[in-house]
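The chains carry the letters A, B, C, D and E, assigned in the order they are written, with residues numbered from 1 in each.
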Amino acid sequence: MSPVRGVRFEMSKQRTPRGVNASLSRRTFLVRSVGIGIAGTSMASILSACQDSSGGPAGDSLRAKTVMFDITTGRVDSPELFNPLVPGVNIQQGLHQAVLEPLFILNHETEEVEPWLGESFEPNDTLDVWTLTLREGALWSDGEAFDADDVVFTIDLLRNGPAELLHSAPMKQWVQSVTAVDPRTVEFQLVGPNPRFQLDYFSVKITNSVPILPAHIWQGQDPLTFTNFDKERSWPVFTGPYRLTKASPTEFIYERRSDWWAAETGVMKLPEPERLVWVANETEEVRVARIADHQLDSVADITAGAFISLQTRNEYAAAWVDEEPYSWVDPCVRLLSFNHTVQPWNDRELRWAVNHAIDRDEIVAIAYEGATTPARFFFPSYPQLDKYVDLLESEGLFEEYPLLEHNPDRAIEILERKGYTKNGEFYEKDGQPLQLRIDTPSEITEIKRIAQVIVEQLRRVGINATSNGLAYATWSDNVANGQYEAVTDWGACGSVSEPWSSMQLYHPRWVVAPGQRANGNVVRWTNQQYGENVDRFAELPLDDPQIETHVVAAARAWLDDLPFIPIAQAKKLVPFDSYYWEGWPSQSNNYVQPPTWWQSTHKILQNLTPANR
Amino acid sequence: MADVLLEVEDATKTYHSRGETTAALKGVSLVVDESPATIACIAGESGSGKTTLANSILGFTQLTSGTISYRGTNIATLTRSQQLEYRRDVQAVFQDPFGVYNPFYRIRRLFDVLIKRFRLAQSKAEARELIEEALNVVGIRGEEVLDKNPHQLSGGQRQRIMMARAYLLKPRLIVADEPVSMVDASLRAMILDVMLRLRDERGISFLYITHDLSTAYQIGDDIYILYGGELIEQGRAQEVIENPQHEYAKLLIGSIPVPDPSIRWNREPHSQAG
Amino acid sequence: MFAFTVWLSATIMFAIPQLAPGDPVSAMVTRLTQQAGFVEGSAGMIEAWRERFGLDDPLLIQYAQYLKNMLTFDYGYSLSQFPVEVETMIADAIPWTIGLLTIATIISFIAGTVVGALMAWRRSPALLRLLLPLTLTFTAIPFFILGMLLIYLFVFGLEIFPVAGGYDSTAMPGFNVDFIASVIEHGTLPALSIVIGSMGFWALGMRGMMITIEGEDYLTLAQAKGLNPLRILFRYQIRNAILPQFTALMLSFGHIVGGTVLVEYIFGYPGTGSLLFRALSNSDFTVTQGIVFILILTTAAAVLVVDLIYPLLDPRITYERSST
Amino acid sequence: MTLTVQQTVAPAETTPRRPRSPWRNTKLMVGTLMVLVIVLIGVLGPLFWDTRLSAAASSPLNLPPFWEAGGSSDHPLGTENSGRDMLALVISGAPATLRIGLIVGVISIVIGIVLGFSAGYLGGRIDSVIRTLADTALTIPALAILIVISSYVREIGIATMAFIVALFAWAGPTRLIRAQVLSMRELGYVRMARLSGASTVDIMFKEMMPNLLPYLAAAFVGATSGGILAAVGLESLGLGPQRIPTLGMTIYNALQSSAILRGMWWWWGLPTVILVVIFVGLFLISTGLDEVANPRLRGRR
Amino acid sequence: MTRDMTRSGEPLLRIDDVHVHYGRVIAVNGVDLTVSRGETLGLVGESGSGKSTLAMAILRLITPPGRIVSGRIHLNGVDILSTGGRQLRQLRWTDVSLIPQGSMNSLNPVMRIGDQIQDAIEAHDRRQTKDSLRQRVLSLLDMVRLPARVYGMYPHELSGGMKQRVCIAMAIALGPSLIIADEPTSALDVVVQKTVAETLLKVKEELNSSMILVGHDMALQAQLVDRIAVMYAGNIVEVAPVAELFSNPVHAYTRHLIASVPSITERKPLVVKEFQRPDLTTARPKPELREVSPGHLVALDDEHSDRRTSGEASEREEVIPRG
C-alpha cells in the first residue's frame, strides 16, 4: 500500500503528461469541470494548488529521469497478475523488459547469443546434454541468491506441472531430467539431440524466453492461479534492476534498485533511467499524439502514415531507418499459403502463375505504404539467414525459379497452357471459373491489406480472387484444420539465426488430413525430398558447414513446388523520441533489435543516456 | 301468437380479469317478434349491459351462459353457411356514425362489397337499382353520396347510409345500438323515422338499444330496462313509461328532463326561495 | 417476462459459440504460441485447457452448468486472461459504462425532455422552436459518428480534450482529485456524443406527448383557473407528458448500452463495450457470455423497475394493469 | 316571422377540416429527396465514374480532394491509403449500405405484418407468445448481441449482414403493427366488415391494411434506418462484409489507419457525410410519415 | 341592438359584436349578448353552432388556429379582450370560472383532487396556511355533497358524477360572479345528471353568481335556466325568457329544436326536417335581432322567410363541420 500511496502523491505534484496535450485551455477546462462537476470551490482550489506545484522544475526533473514506454497490447485487464506462466499475464507492461531477466539474449543484429543471467550454455557433442552456467553473484530482488536450484525448480515445474502452463510444452517434450551440479551449474539431459535448445527457449529468440522463477517464493504455489503479486512484500520477485511500484490497468511504474546484482558484481552498470513507466494507449492516434508531445519515449509498431505525420510534429522522433521503409524487420515473413488438398491450387504450375502475377513492390508500396521490403524467401532478412538466401542466389536457384519476377504475361501463359480460357474478365476451364478465395484474420489489418492487394493483382491477370475476412479464432482454426483455399499468414515463423526452425515447419511428417488439426505444415504439402533434406541437418550443430548443402537441396525442392509464396518481410515501425533519452537502437547504432516490448529491452536500458535538454 | 324472430334466454356474461369477476349480463331473457315487425328497445344507463347484449346478438362476444336463438336456432351452433345467412338476416347500425366508415374507401364500396359477397345482384344494372332503392328508403340520392369519401358527409347522412346499407340485405332484424346518440337533436327524428318506416313498410324488426328512454318511448313497441346487467322492467312501451314498477325504473323516468319550463324539478329545499 | 428475456438471451449467448465454427481454446493456444512459432506440444495444451473449461462435457451438461453459473453470477475464469476471473473483469469495466451511460442518459433525458416540452409549448420563443430541426438532425446520426466528429473538432481541431481513454493513464484510480478530474475530462466527449445523439429522441418524444395532451380539457381548465403559465407547463403539461418518457428511458438503457460499444470503441473508453470487443477479438467466450448476460440482466431489470415504479409515477396505473 | 338562416351552397369539398393531402408533407418530401440523391449517386454514379477504382491498388495513395494542395482531378475526392478512389468508394458504398437497410426493412416489415396482425387480430395465446417474443427482442441489447453473432459468423456478404441485423429488427414493426391492429380491431368499420361477413383475411388486408399504410411505411423506414445503423456500426467495428466497400468499412479502415490523426478528413468525412444524409433523410421520411399517420403532430413547427 | 332587459341596470356581462374565426371557419359571426347578475342564461345550439366557441371567447380560451377577430366583452365593466398577462390571469376564476364540458378529462389525472382545487385558490389569494387552505377545500367539497375523502383521491378513482361535482366545487372556489358551464352534464347518465344539475343550481344560487349554461338539450335547459339564447351557425337567432321561448318560439329553428325534443310524457309523431346549414367558411351578414315581445328577441330575415315553414324533410345536402 505505502509505495503506491507515495507514488500517487508524487504523481499529483508533477507535470504529468495527460491526454494529447497539456495546453492551458484544457487545464482551465479541467478546473472548470471539476468545479462544476464535483461542486465547490474548495475542490477547485485544491486542484489549482496541485497544478501550481506541478509546473515547477521538480516535475520536469522527474520526467527527465523517467523513460516512458507504451504498453503495446493496450489496457491491461489483469494489472495485478505477474505470473509469467499463465495466459492472462501481460508480460509486456515492463515485467519482462525491466524485472524478469532472461538467461541469454539473442542479438538479432550480431546474431550472437549474449549472456545475461546465464554465463554459458554448452551442449555435449551429441547435443543431448546441455550444461548451463549461471553468472556469479546473481541475486533475486529480495536478496536471495539466484542459483541452480531455482533453474531446476522452474524446469521441473514446467515438466511436471499442468499442461496449460506456458513454456511447459517444450520442456515436457525435450527435457528428460534437469539437475543442479553446483549452485552455478545446471545439467539438462534431453530426450534427444537438439542443437537449438538454448537458442529456442532461453535466449529471447522472439519476444521472450522461458522465465526462471524464484523457487523460495513459488514453492508450494499453484502455478495456474498464483498471481505472484503482493504490494506489501514488493512482489513480484525477480532479478532485474527495477522494482514495481505501481500497477493499474493503464499504468505501471518501476523504480530503479540500486542493489541490482549486476551492478554490485560489476558485470553491468546500473541503467541510467531511475524510473520506468509503461502506459496503455488506446489507439494509434493516442500513441502518436503522446510521443509527439514527448509524453512517451517509445511506442509500439505504428503505420507508415502515422510515422510520417509524427515526424512533422516531433523533430526528435526517429525510427530504425531514417528513410523508407523506416522499419525494422520482424522474424515472421508474410506469406500467401495455399491449401494443397484443394483443387486446382495443388498444382504447382498454378501457384507459379500466381507468383508471377504478384507484384511484391506494389504490395509493399500499397499495403505497407512503403514501410517494408519484399521477401526473397520465407526467412526474415537477418544476416545469418540472408547468407543462406544469398547462397541460393549464387547457386542459381532464383534464375531457375524466378521467385521475385513479376510477370503477368508469364502467368497468363501458364494459365492458358493449362487449358484455361478467358470468359469475360476471368479464366475458366471446363466451365469452372478459376477462383481463389483468400481468407484473412480481420483483426489483423496488415495481413488483411496484403490480401486485398494480392486480390487486385490476381484479378488483373484474370484469376477471380476474393479476400474474405474471418474472426481470428475462426481463421486460425480453419488454417489449422485445413479448411481454406488460401490464406495470407505468417506460418513460416521460427528461424532467426539458423534455417531449420522455419524449414522444418513444412516437413511432410506434419501433414494431417483436412478436418484434423495440423501442428505444422498447415498447407499440407507433401514433398519427401524436402523432408529428407530438412531432416539431414536437424541435429547438426548450428555452425556445421554441411547445413548449407542441405538447405540448398531443400530450398530447391521447395522452390520447385512453391507450396506457399513469401510476400514481404514483416515490418515493425518502432519510433523513439530522443528528447529526453538518447542511445535508442537504430540501424546505425544497432547494438540490439529495437522492439521495446521484447525481453531484449534490458539491453536497450543499458544504453540509454539522458539528453539533458 | 306472433312468430318469434329472436329469443334471448337467460343470457349471462361475466368477465374475468386478474382474479376479479364482473358480470355484464345476469340472466337476461327477451323476445323480438318477427311479425308483426317490432321495435324492441333495450334501455339502460352506461354499464347496464345493453351493449354487451347487442354484441352477443351480433356474434361479437360469446355468452358465458344462456342462449340466443334466431328463429329457433341457437346462434352459437350455426354452421359456416348458416352464419353467413345469419349475417344477412341480422344487421346492425352503430352509435358512432364516423368510425363505421373505413376512411380509405368511397361510400360506394360499402354497398358493392355486400352485393358481391351475398350475390345480391346478377348484373351491374341490378346492383345499381338495389343501391338506389336502399338509399331511397332513407331519403338519399345515390349520385349525391356514392362517390364521396366518408368525411365529406354529415352525421345524419352517414347514419342514414348505414341504415340503407343494412337495408340492402333485406334483413329481418336490425340491431340499432344507440343510432342517434351522436347525432344532433334536429336530425335525430330523421333517423328514427327511417326505423319506423322500415318496420312498417318493410317488416323489419329492430332491437333499439339506447340510454334515452324518451326516444324509446316515442318509437318503441316493447321496452326492456336493464340495470347492472339485470332486466328490471319490461313490457309494452306505453306501460313501462307511464306505469313503471321497479324503483330504479321510476327514478330513471323521473330524472328525464321535461321540455317544459313550467314543470320544473324541485330545487334543494333551502334554495327554493331564489 | 423478465425471466423469459433473461433465459432466452442467455440461451442465445450459449448457442452462438456452439454453432459458430472455430474452437476458442485452440484459437487461444494458437495465439499464445504463435509468436514463438511452432510448439510441438500444443495439442496437449489444448486438451488441458478444454478440460479445464469443461468443453468436453456433453452439450446438455455444459448448458445446465452454464445456466447455473450465469444465475449464480459465477462466470468462472476468463479464457484468454486466465487465471483472471470474469467477474473481476466485468466489475472493473461496468462502473465505467454505467457511469458514462447514467450521466449521459440523464443529462440527455432532462435536456431533451425540457427542449421537447418547450418546443411544444405555445409560449416558447420562436427561436427555441427552430432548435427542433437541429436536434432532430443530430438524433438521426449514430453516436459513434458524432463521436468521430467531436474528436475531429475538439481533440485535433481545438485541442481541448484528450483523445481517448477513461482517465489519464498516469492517474491512480481511486478517490483523488487528479483521478476524478481526469475521469470527467475524459468522459466529456463520449458523454457529449451520447447526449447530442439522443437528446433529440427525448425532445421528439416529449414534443409528441405534449402535442397529444395539448387538447386535453384539464389544460383548458388549468388555463381558465388563471394559473401561472409556468405552473401549468410543469404541473399539468410536463407532468402528464413525461410519463411515457420514463418507460422509454428505462428501455433505452439497454439500447444505449449496445450503442455505447461503438462509442467506447471510438474513444477507447474502458467500459463493458471495449471489454466485450476485446473479448471477442480474443475469442474469450467466457467473458463474452458474462458481459452480455450482465447487459441483458441490467436491461431486463430496468424494464422490471419501470413496471414497478410506473404506478408510483402514474396514479392511474395500478401494478396489475401495467403489463399491457 | 322570418328565418335568418343563411342559405349558401356548401360544396362538400370546401369542408374546413378537409386537409391538403397529408402525404404532401415537407419533411417527407425533403427526406425522400435526400435519400433519392443517395440512390441516384449509386445508380447514375457508375455511368460517370469507374467504380473499379474502389478496389485497392487502383489509384495513387493518400491523395487529397482536387481542391486541396496536392489533389488531382483524376481523383476528385481524393484517395485513401490502399489506393482506393474516394469517389468510387462513395458511389459503390452508398447503395451497398442502403441495400442492407432495405433488406432489413423488407424482412422486418414482412415479419412485422405477419406477426403483428396475428397477435393483434387473433389475440389470445398467439398474442401473448408474439408479444413476449417482441418485447424480449426489444429488451435485449441487440447491438451487443449482433456484435457477438457477427464476430462468430464471419462469412458475411450484404445479405448475411442484413439477415443478422434483421434478427432483432422485426420486433419494432411487430409491436407497432400489433398495437395499431389491436386498437383498430374494435373500430366501427372493422366491426362493420365482420357484420358484412368479411373473412379474417379480408378484414386484415382490405379493411385494416390500407389505413395502416402510413404506419407501415413509417415502420419500414424505421427498420431500414435501424438496419443501416446496426450494419454501419458492425462495419465500423470491422465486423461487416469484407469485399464490398460499404461506407462502414471505409470508416473502419480510416479509423484503423489513423485517418483523423493524419488529417485525411476526406477519408472518414465523406462516408460520414453520406451516412448523415442517409440517416437524416430516412429520419425525416419517418417523422413525416408519423405526421401523416398522426394528424395531431401535423401543422406544428 | 340588444338592450339590457334586466332590472339592475348595467349587466354583469356584456358581449358586443364578437367575431371568432377558426382558420377559415367563421365560428362566431357577430354575437351580442348580455347576462345579468344572478341570472342563468342558457346558450343552446347544435354542433357547429358556435356556442362553445362563444363561451370560450368569454374566458379568452380560444387557441390557435382560432382567434377572436373583433368585438368587446365587458365583465364587471372590464373589457376582457383588452386585458392580458397577469391581469387576465387574475380575472379568470375570481370573476369568471368554468365548468368544462368533458368532466372525464377535465381533471389532471396525476394530481390529487385537493391539490387541483388548491391550485386554483393559491393562484389568486396567496397568503394562507396549508391548513386553512385544506379547510376551504373541504368545505367546498361539502358544498357539492362530496365526502371529505375525495380530497386525497385521484380523478380516476371517482365516478363521472363525482368528477363533475369536483369541477363544480372548483368553479365556485373563489365565488366568481360568472360561471360558464359548458355542457356540464352531457356525459352523465340521466339520474346523475339530475342530481348534478340540481347541485349546480344550488351552489350558484348560494353564491348569487350568474351562469351561462351551454347545452344542446332543450329539455334540460327548460329545467335549469332563466333565459335562453339559441345559436345557429355562429349567430344568436332567438333570445327569450325560458317560459316565453317554449310557449312562443318564433324562429323556425327554435321551433324545430323544441319540436324535436322527444317527450317522455306523451307519444307524438316525429317531426322530420332538415335545415340547410350555411357554409361556415364564407362571410355572411349578421342577422338583426328584433324584439317581438319584452325581452324576446328574434332574428328576422324576410328574404328567407319561406324556407323555414316547410314541415317536410328537405333532401338537400348539409355539411356539418365537426368539432
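In this section, a residue touches a chain if its C-beta (ideal position, glycine included) is under 8 Å from a C-beta of that chain, and two chains touch if they have at least 3 such contacts.
Not measured: the values here are computed from a predicted model.
Chemist: Expressed in steps between touching chains, what is the minimal separation of chain C and chain E?
Modeler: So the least number of steps between the two chains is 1.
Chemist: On a CA-centroid basis, which chain has its centre farthest from chain E's?
Modeler: Most remote chain from chain E, centroid-wise, comes out as A.
Chemist: Taking each chain's centre as the mean position of its Cα atoms, how many Å separate chain C from chain D?
Modeler: 23
Chemist: Could you grab the centroid distance between chain A and chain C? Build each centroid from C-alpha atoms only and quote it in angstrom.
Modeler: Here the centre of chain C sits 36 Å away from the centre of chain A.
Chemist: Calculate how many whole Å lie between the centre of chain A and the centre of chain E, each centre taken as the average of the chain's C-alpha atoms.
Modeler: Centre-to-centre distance between chain A and chain E: 89 Å.
Chemist: Could you work out how far the Cα centre of chain A sits from that of chain D, in whole Å?
Modeler: Centre separation, chain A to chain D: 46 Å.
Chemist: By residue number and range, which residues of chain D touch two or more other chains?
Modeler: In chain D, 12, 15, 17, 151-152, 260-261, 263 touch at least two other chains.
Chemist: At least two other chains touched by the same residue of chain C: list those residues.
Modeler: Within chain C, residues 20-22, 280-281 contact more than one other chain.
Chemist: Give the residues of chain E touching no fewer than two other chains, as numbers and ranges.
Modeler: Residues 253, 275, 317-319, 322.
Chemist: In their shared complex, at which residues does chain C touch chain D?
Modeler: 1, 4-5, 8-9, 12-13, 16-17, 19-22, 120, 126, 129, 132, 136-137, 139-142, 144-145, 148-149, 151-152, 156, 204, 208, 211-212, 214-215, 251, 254-255, 257-259, 261-262, 265-266, 273, 276-277, 280-281, 288, 291-292, 295-296, 299-300, 303
Chemist: Give the list of chain D residues in touch with chain C in this complex.
Modeler: Touching chain C: residues 132, 135-136, 138-149, 151-153, 225, 229, 232-233, 236-237, 251, 255, 260-261, 263, 265, 268-269, 272, 275-276, 279-280, 282-284, 287, 290, 296-297, 300-301 of chain D.
Chemist: Which stretch or stretches of chain D touch chain A in the complex?
Modeler: Of all residues in chain D, those touching chain A are 55-58, 61-62, 81-83, 151-152, 154-155, 238-239, 242-243, 256-258, 260-263.
Chemist: Over in the complex, which chain E residues touch chain C? Could you list them?
Modeler: 56, 59, 61, 63-64, 88-94, 97-98, 100-102, 105-111, 119-120, 123-124, 154, 156, 167, 170
Chemist: Tell me, which parts of chain A touch chain D in their complex?
Modeler: These residues of chain A touch chain D: 283-285, 288-289, 302-303, 305-306, 308-309, 362, 365-367, 369, 440, 442-443, 445, 448-449, 452-453, 455-457, 459, 466-471, 474.
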